[in-house]
Amino acid sequence: MDFEFIRTYAPLYASAAGLTLTIAFFGILLSVLIGLLCSLVKIFRIPVLTAIVNGYIEISRNTPLLIQLFFLYFGLPKIGIVLSSETCAITGLAFLGGSYMAEAFRTGIEQIPKIQTDSGLSLGMTGLQIFRFIILPQAIATSVPVFCANTIFLIKETSVFSAVALADLMFVAKDLIGIYYKTDEALFMLVISYLLILLPVSAFCTLLERRVRYAEFGNSDPVSGK
Amino acid sequence: MQNLGIQILFQGNNFLRLWEGLWVSLKLAVISMFFSICLGMLFGMVMTSTKKPVRILCRLYLETVRIMPQLVLLFLVYFGAAKHLKVNFSGGTAAVLVFTFWGTAEMGDLVRSALESIPVHQYQSGYALGFGKIGVYRHIIIPQTIRRLLPSMMNLLTRMVKTTSLVVLIGVIEVVKVGKQIIDASRYTVPDAALWVYGVIFIMYFAVCYPFSRAAALLDKKLRD
Amino acid sequence: MKVEEILKTEQLNKSYENGLKVLNDITFSLKKGEVVVIIGPSGCGKSTFLRCLNMLEPVDSGTIRFKDRVIDRANKDVYELRQKIGMVFQSYDLFPHLTILDNILLAPIQVQKRERSEVAKEAEELLKRVGLSDKTKVYPRQLSGGQKQRVAIVRALMMHPEILLLDEITAALDPEMVREVLQVVLELAKEGMTMVIVTHEMEFAKAVADRVLFMDQGVVVEEGSPEEFFHSPQTERAKQFLNMFHYEAR
């Protein structure tokens, strides 16, 4: 393996990784917002909007991100909507991620037994009070595992962005292979870059999941009660 | 006369060509899924092993596959193998290899969790009735496992179909590639062809994936009640 | 002296979607300070009845009256009325993300807008009375089933309800914990708390009830003092039901 080559082109990978992360960050942030809105619409069964949200979720979950991107990047300009590669990538990721996040929050909320709502009602609480003080705090904890899985999934999905001419990690790797035939080095750096991005995220998620499972709600250690 | 974009689909056999293109990726998905199911069943049983080293190895395999984007795995096999093993995989072969490698891990994990979700007393009552180990698996455990597995297997299939859309990036001639050819061929006659072609491909993927995920959701609900 | 009628239902009817009738023309009244125990086989409608009294479920027809006010689920005052009718459920109804003290204080502070310091003092007194004063800072999961139910009772009492509805509060408990919960209820009865209790504990019913209602298939089949009901039930169905609790060799 040619380490000189690796040293020379490492900065290229670093900036590509930065781009991937930036887009993933904004895409996931938007996903969370869309997901929250959609799950609220579904939980409160708001008429008309529920049907729209359901349609959106099915479409988003049953089509590949790559095709969504092609449509955004090559299709939409034909009706006058021209999006930059970056906007396209963020929009695509948010469109995909929104439905996944919506399902995460919805199942998180639905996991909470109905008796919790009944208890709140029997204490004279209104629907809004029950949602705010009883359902939401628990739902945040119950959604964490799926939320984490989705985050990792969405970061991985960013690997297709080279298809809309974004100079991301895959783009750089393919370029270097094409130009210099340094296949090993290019692929090695590609794998390392993704590991450097994904391993910390995954480790953090494991930690977070453990925290909401053990530390919260006092079920850390039933014996000592600590 | 100004051409309406949608006409592009009805020119010649364009629409048929797109379906044929989609069929290329679907075939890859179905073949990979078939191998994944066979190998995944085995892998799942291995995963329930009580031996620690075996469990650790299994876990390592699963986590490796899970943490890498499938496209990276595709690149590794498509570009890497060509250089080192001196074999030139076609994009299709590389795809089947990678998706099977990935699918086996996912399928194995599904099988594992299905197996583990069966209470111990089911095994015990099997033994108590005089079944041997194979008998217990065949008559008691596997029938229950399959019922639990079916919905998540269908979901895996939809994921597999969606993921095979990536093969266009390693040069397989499939639906997107065909779409590009159609767009290029009619660049001057139908300027907004891209909108229609990609829109249709979008709907085609939905038409294929939706029935499966819908069926999975219904099955899942039925099993839960 | 005429005792005040606090809760009254007239011809309550309710059917499930599959047409099964859970409540059939239930007319019932409750006096202040009275303890009514409802017993009957599973699925006879007794829990549904209790849930309807607290407006957790709608009825198809009939009226429920609290003092002089007709209770309607659609009305805004339903929230206010529910504060006057406390309820304790079978289980799992404490809020797992809040400590015991916060569980108890949530509604008084948020719903009744009372001062935290004032309600905290009251909560601690009540907890002391049920023998749990050392548990204020722990979470529900760290308590036994019997302890949880005692907390649930305290939580309901904090709202100063005029009626307490208890829905099989010991049904999910291990036998050795039943007593500690029922003891609390007995004391409440002694202090004059108005209660409607659904239970399967016959000895407890005998001890606590001023009046017993026997329900079967959505109908109040028999009604009377505990002595009358347990020693000389009038109807065949009540006799059969009570016989199920006897195992002695004949």
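Think of it as A, B and C in the order they're written, each chain with its own count starting at 1.
Definition applied: a residue touches a chain if its C-beta (ideal position, glycine included) is under 8 Å from a C-beta of that chain, and two chains touch if they have at least 3 such contacts.
Quantities reported herein were computed from a predicted structural model and do not represent experimental measurements.
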**Report entry** Touching chain A and also chain C, the following chains
**Finding:** none
Report summary line: Relative to chain A, the most remote chain by C-alpha centroid is chain C
Query raised in the report: Of all the chains, which has the CA centre nearest the overall CA centre?
Result: A
Query - Separation of chain A from chain C, taking each centre as the mean of its C-alpha atoms, in whole Å - result: 46
Query - Separation of chain B from chain C, taking each centre as the mean of its C-alpha atoms, in whole Å - result: 53
**Report entry** Whole-Å gap separating chain A and chain B, where each centre is the average of the chain's CA atoms
**Finding:** 20
Query raised in the report: In their complex, what parts of chain C are in touch with chain A?
Result: 51, 54-56, 79-80, 82-83, 85-87, 89, 91-97, 99, 106-107, 110-112, 138-142, 155-156, 159, 165
Query raised in the report: Touching chain C in the complex: which residues of chain A?
Result: 113, 115-116, 118-126, 129, 133-134, 137-138, 141, 216-219, 222, 225
Query raised in the report: Which positions of chain B touch chain A when the two form their complex?
Result: 5, 66-72, 75-76, 79-80, 82-83, 158, 162-163, 165-166, 168-169, 176, 183, 191-199, 201-202, 205-206, 209-210, 213-214
**Report entry** chain B contact footprint on chain A (complex, rising order)
**Finding:** 58-59, 61-68, 70-71, 74-79, 152, 156-160, 162-163, 170, 173-174, 177, 183-184, 186-187, 190-191, 194-195, 198-199, 202
